[in-house]
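As written, the chains take the letters A, B, C and D, and residue 1 is the first residue of each chain.
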Amino acid sequence: MAYKDEKLNEEKVFKDPVHRYVHIRDRVIWDLVGAPEFQRLRRVKQLGTSYLTFHGAEHSRFNHSLGVYEIVRRILHNFEDRPNWDSNERLLCLCAALLHDLGHGPFSHSFEKVFKLNHEDFTQEILLGDTTINTILSKVENGFPEKVADVINKTYHNKLVVSLISSQIDADRMDYLQRDAYFTGVSYGHFDMERILRVMRPMEDQVVIKESGMHAVEDYIMSRYQMYWQVYFHPVTRSAEVILSKILHRAKELHETGYEFALKPTHFLSFFTERPTLKEYLALDEAVAMYYFQIWMNEEDPILSDLCERFVNRRLFKYIEFNPNLQMNEWMELYRLFNKAGLNPDYYLVVDSSSDLPYDFYRPGEEEERLPIHLLMPNQELKELSRQSDIVESISGKKRTDHKLYFPLDRLKEMSNRSKTKKRILEILYG
Amino acid sequence: MAYKDEKLNEEKVFKDPVHRYVHIRDRVIWDLVGAPEFQRLRRVKQLGTSYLTFHGAEHSRFNHSLGVYEIVRRILHNFEDRPNWDSNERLLCLCAALLHDLGHGPFSHSFEKVFKLNHEDFTQEILLGDTTINTILSKVENGFPEKVADVINKTYHNKLVVSLISSQIDADRMDYLQRDAYFTGVSYGHFDMERILRVMRPMEDQVVIKESGMHAVEDYIMSRYQMYWQVYFHPVTRSAEVILSKILHRAKELHETGYEFALKPTHFLSFFTERPTLKEYLALDEAVAMYYFQIWMNEEDPILSDLCERFVNRRLFKYIEFNPNLQMNEWMELYRLFNKAGLNPDYYLVVDSSSDLPYDFYRPGEEEERLPIHLLMPNQELKELSRQSDIVESISGKKRTDHKLYFPLDRLKEMSNRSKTKKRILEILYG
Amino acid sequence: MAYKDEKLNEEKVFKDPVHRYVHIRDRVIWDLVGAPEFQRLRRVKQLGTSYLTFHGAEHSRFNHSLGVYEIVRRILHNFEDRPNWDSNERLLCLCAALLHDLGHGPFSHSFEKVFKLNHEDFTQEILLGDTTINTILSKVENGFPEKVADVINKTYHNKLVVSLISSQIDADRMDYLQRDAYFTGVSYGHFDMERILRVMRPMEDQVVIKESGMHAVEDYIMSRYQMYWQVYFHPVTRSAEVILSKILHRAKELHETGYEFALKPTHFLSFFTERPTLKEYLALDEAVAMYYFQIWMNEEDPILSDLCERFVNRRLFKYIEFNPNLQMNEWMELYRLFNKAGLNPDYYLVVDSSSDLPYDFYRPGEEEERLPIHLLMPNQELKELSRQSDIVESISGKKRTDHKLYFPLDRLKEMSNRSKTKKRILEILYG
Amino acid sequence: MAYKDEKLNEEKVFKDPVHRYVHIRDRVIWDLVGAPEFQRLRRVKQLGTSYLTFHGAEHSRFNHSLGVYEIVRRILHNFEDRPNWDSNERLLCLCAALLHDLGHGPFSHSFEKVFKLNHEDFTQEILLGDTTINTILSKVENGFPEKVADVINKTYHNKLVVSLISSQIDADRMDYLQRDAYFTGVSYGHFDMERILRVMRPMEDQVVIKESGMHAVEDYIMSRYQMYWQVYFHPVTRSAEVILSKILHRAKELHETGYEFALKPTHFLSFFTERPTLKEYLALDEAVAMYYFQIWMNEEDPILSDLCERFVNRRLFKYIEFNPNLQMNEWMELYRLFNKAGLNPDYYLVVDSSSDLPYDFYRPGEEEERLPIHLLMPNQELKELSRQSDIVESISGKKRTDHKLYFPLDRLKEMSNRSKTKKRILEILYG
């Protein structure tokens, strides 16, 4: 039997707290799960530093990847025998679902920003390079790794397949909303996925939703909105993120200025020059990163060691609402104050801004946008969701931005008491 | 106000997926949670290698410790104004609950066995030594750290206090059963804790259960039984444990025989001699351990590098039921077979035995036993649970043991085909 | 001890699927629950005819009333020792919470409309008239029944007390959203009540919400919105409601025109004249109503017997979107068609309209509105919710109305095939 | 297309709180659900008088019947393409599952005992008599109603089919344990049904369980055990049952002795003579029964009116442990005491005994037993469950019986104070 058609003797299941069970029958999927590049995802947390805010959020991207696979498996089970659905695309969809996050590194957000990396590039490299994953995919058929890469890259010709993995209501989002809600323990993030799966219909170039399922979709959109502001953009998580970024910046800066590390940061060297090879990239998982942060707690450089100690022992920065564009004078005052106290403001006085578009309808010409959600009306016409739903319309395309100023409160307290801005900050924090 | 009576301005809560919220009002508890020795528990998994079987089981001991604290807090809330309860013991109970697992190291089970360590000793050291935890506890009152240590050590004079933290139905067990069930996603581990808490009554030297709550307690005992065999003793987890132990053995052996590691295993050196200082012990968390296992994948020693590669990439040993005492001939045959194939049987042919006593009634003279569960009958007499419950009686004191043989199936397949035992093993595995 | 201060020897609990346990310590509450007028609520369904759409929705108002009591009990537990809270109002709040729905009759919606009754009047009568409930409340203190009546009637002088039972985010709504979601099984209706309770603060004349809890409140508002359109206004439920109303209309009409019922409808006579005494009102619960509907299936009048048979055996009317104001010609055509077929359009061609205001801010001069939700800002100012929340603002004060036409499809099919409107209706239904 | 093969245009689903959704594609099933005899099950509570103990337990047999159907549907979905499974039996299984409880009357337990009826006889009559159900089944194929009747009657030749509906681990039990747990809100009754369904294997004459699923089955058996003692045999429920039985007894006795009822009890007449026709049987549902109980509250006979008032207003009897065989003297004393107080002991002094066999292995010669559970061992042998599971063995075949004495405490208190037994009873109750 051809490798791509091979089934396991007996279905394998993984117990999953979110979807109850993850079911695997295809030999290809089983082999991919066992590949070292996939197992590595166990060593990368799904929510980065969020575990410092929500102690339950210690789950890994391995977890999530299996979940996305399982959702796509269920969708395709419902698609069997439906018009517009080509069952030859099944294995491709499953592989793309399973592997879509393969290139994520440790604490992706900060690492990518500081080292100017893009996890999507590494996903492509893992799929197409000299890896176990590539070897397995290549056995399926000629050009199969490229196909999987195209789906994940959204360049695959069959847009229906792409939309399963990447749209406003794809398996990726449906899994992470539920999973992150489960592990953090927040009561948001619930929606009737079983119903959504049942009202999904394959069309020529996208998955659409039967109009009768509109309310379930509204509920999903609202979940997303709540999860963004309650979990993903939580100010305490951002505080940890701020410190983490500053650690990486500092280490890089030290390296560039010829600082001698007590322990040579072998795993980081290629990151400092922003050109890690695939092998170097894969070697630096979160366990390794945490190892260095703990080692660096004993480095001589006071900034690096202090920041690392703060991160490892969770002595985070405090924050207040602050928009430097509107509060220029206070900003200047603080800057001077920190400088005077010998506390480099580049590392200890950080403005962070978050923004979210909970539901974007399609706007031609904007490349990065995901496919919008279309409802299939009883008369077989398609209608973009926000035209049919008041609630979605009301939040559609609205960008909400907030600005926060992060700083070490313990150090601020020690500074000159003559600063008005300092006084005001303490008032805000203590009332 | 005395430090021990200090309350936070506003109650702090942690979102907890198991108990919904963990509530903190005492300044002392808040400070303890922030101590580096407590934060370290985030870097030690609650279930060691179980995440390789149940991908959801990635939660840490930090998680669990907060949970135990919260349960004791709720119990004491119910105890207020009850006879036999001395509210002066409240803070002591809360501290002991929070800190009872403080000494756990990475993958405790294997590390303790191989390096002849005991996490309970380190808990005592952290409480009584030169640590932030000790500094905080000392501020409560003279001798307070010692009191906390005594409670955890079960030597505190007030046995009622001890029984909250350590008995057959203590806060520790109630938390971990529910928490481990939640994160693994298994459907066992549920019982009506709210009811159990409500029927708990403080007596002179122990917590007892009102007889009307007997069925809820039966349910708890059965949960424990199921969790042991379904989760804690899962044969795949034990396979990972086997490999892990062998890695540690091998590294130690190499060190003892003067092997030169490519990277000097600084963090391990004191473990190899079985005398880590507290500081050295605390420095070796799971991130650090994982760092070394990944480094060792590239060591020259084929056994160490192979075992590390297996552990990191989850290429585990397979297993069959096997009792070497009863199957001596087969054991000898396999031993020779492995030797002949150049595969050191000490590392690649491992028998592992598990056993559990789901509910132990008190047996005088046996020191290690936990306090049994007593029911408070309507006539105010106490009755040991197993005398009242058929179900508990039926499993009481029954030790169930199973023996499994672990080995690398991939390597076994390559060995001589003339071995009858090999043939039988393959038959068992493939039918 | 005064009756109002009497506690039960041992706390009583009811197992409740929504709040886990309902706790009772006050003798007064225990006695009220045992009163016949309260037990009667077991014979009135919480959601009227919804069980014909959602088969799980068979729960009674007894269920819900205990739930509202329990929520208020928890709120007041949090209020203890807070400024602005007068603990002397505790028992009053609990009684009002427990008894707020006491006057509900069978299938309230239809009965009240057809017989021009108001359950709130009967609640007042039960509280103040010659009932067991009144006897119990009178024992608390002079004028206590009147106080309870005032709170439920929203005329009590302490508006803080009123707002607990009746506002945009009162215990009534919080219970029914969760309870109705639980019993129907829909995935809407979940919100983090524990958090909302924790951020509630008593102010002089209302309960307000700490601003940090805004997102939990948004979630509650969205739950309400979803429950309205997914459950409460479900078109199939409205179909059952339509038939039920028409049964009551017909019976009344028959009575008024001197029709001789085979069995004298004793329980209904005073309803037909719209003047039931309290005793008569209480005697007609849902079991009694269902008894009559089954008896009436055998009445000679073809309309009454047909409608009863449809209701009892759930042979409901079908529906299409239809607005008679905009579709006057079609309306006329159908009217003629039904008349010609000998099917009285007053009973078989029914337009039903629903509308909802998911969140109303206060508009002076409109009496019926509930109190709006105010957020307590960090600077201690109050802000009306919709001014702070984009989402709430977007749906605030927006009335959504829909119109549906209900009719017996089986009968329509038998009618003349020349009707264009008939054709169109069948097309809509069958595509 | 043949009626039996007809599919609905679009799958219909019912929202179900226990199984999330109930799925219907077969026209036959859809038609059966709509039949009046099936809709009648909405007016018969699943747990009879349990709602007087657990206020959530107001769910109907309609609810449960859909659930059993859904479970069998899922089992058969898993059976597709398995050896030993004949897909021609599919529709038969689904119909038998849906209809197995069709003959249940109001408060089955009491009605059947007092009026010497058997709901199983009526199930057979509904299936085979002049009913809508029979008309629908007859359209499937000649003799189909008889086949369904045989499956439910356990006389069908294919024992595999029978075992799905009626064995120690059938769809009936799996549904009611979960459903009754859900609606009562107790924390028992949970087990991993999804796993059990996945390890079920069809064999020639029964469904067996793969040995790897043994622990899930143990959990199910323990759930059953807990539900029996915590819910089904709850002493308060039995108190309501006692009063209900006595009401029926009294009404029958009055009728037999020529008593003139104020309202002729038309619906009951044929029950009093123990020969209701099918039509008469079906007409007396729980709404009708409750109607009569409320009417009878005003009957002249003091026993009937008192008992009805107690039942309707939930003024139940109290109870103590009591075994008249062992406590003959006390029994005699009480009997005299009640007689002397003018309180007929036949109605007011009632001993009730409950017993359960949580898991019965097959014992030849005992006809009533359900099929035992067999495990399918890795070597393809079958082993009876209790031989493999310690826990099941420990409770296997053990009958637990308890005896309780029920009486009106309010009346007992008024009786002569010289009775020692009275004193003892009050002591037991008040301590």
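The rule we apply is simple: contacts are C-beta pairs under 8 Å (C-beta built on N, C-alpha and C of every residue); 3 or more make two chains touch, one makes a residue touch a chain.
What you see is a predicted model; the values in this text were computed from it and never measured.
Undergrad: Please state, in steps, how far chain C lies from chain B along the shortest route of touching chains.
TA: 1
Undergrad: Among the chains, which one keeps its Cα centre farthest from the Cα centre of chain D?
TA: Most remote chain from chain D, centroid-wise, comes out as A.
Undergrad: Looking only at C-beta pairs that count as contacts, which pair of chains has more of them, C-D or A-D?
TA: C-D
Undergrad: Take the average of all CA coordinates in chain B, do the same for chain D, and state the distance between these two points in whole angstrom.
TA: 44
Undergrad: If you average the CA atoms of chain C and of chain D, how far apart do the two points sit, in angstrom?
TA: The computed centroid separation for chain C versus chain D comes out at 32 Å.
Undergrad: Measure off the straight-line distance from the CA centroid of chain A to the CA centroid of chain D, and report it in whole Å.
TA: About 51 Å separates the centre of chain A from that of chain D.
Undergrad: For chain B, write out the residues touching at least two other chains, lowest number first.
TA: 20, 186, 195
Undergrad: Within their complex, state which residues of chain D touch chain C.
TA: My answer: residues 14-18, 20, 34, 36, 39, 42-43, 51, 54-56, 58-60, 62-63, 66, 182-186, 283, 285-288, 290-291, 294, 312-315.
Undergrad: Looking at the complex, which residues from chain A come into contact with chain D?
TA: 13, 20-21, 194-195, 198
Undergrad: Please output the residues of chain A touching chain C within their complex, sorted ascending.
TA: Spelled out, the residues of chain A in touch with chain C are 186-188, 190-192, 195, 215-216, 218-219, 222, 225-226, 229-230, 378, 390-391, 393-395, 398, 400, 428, 431.
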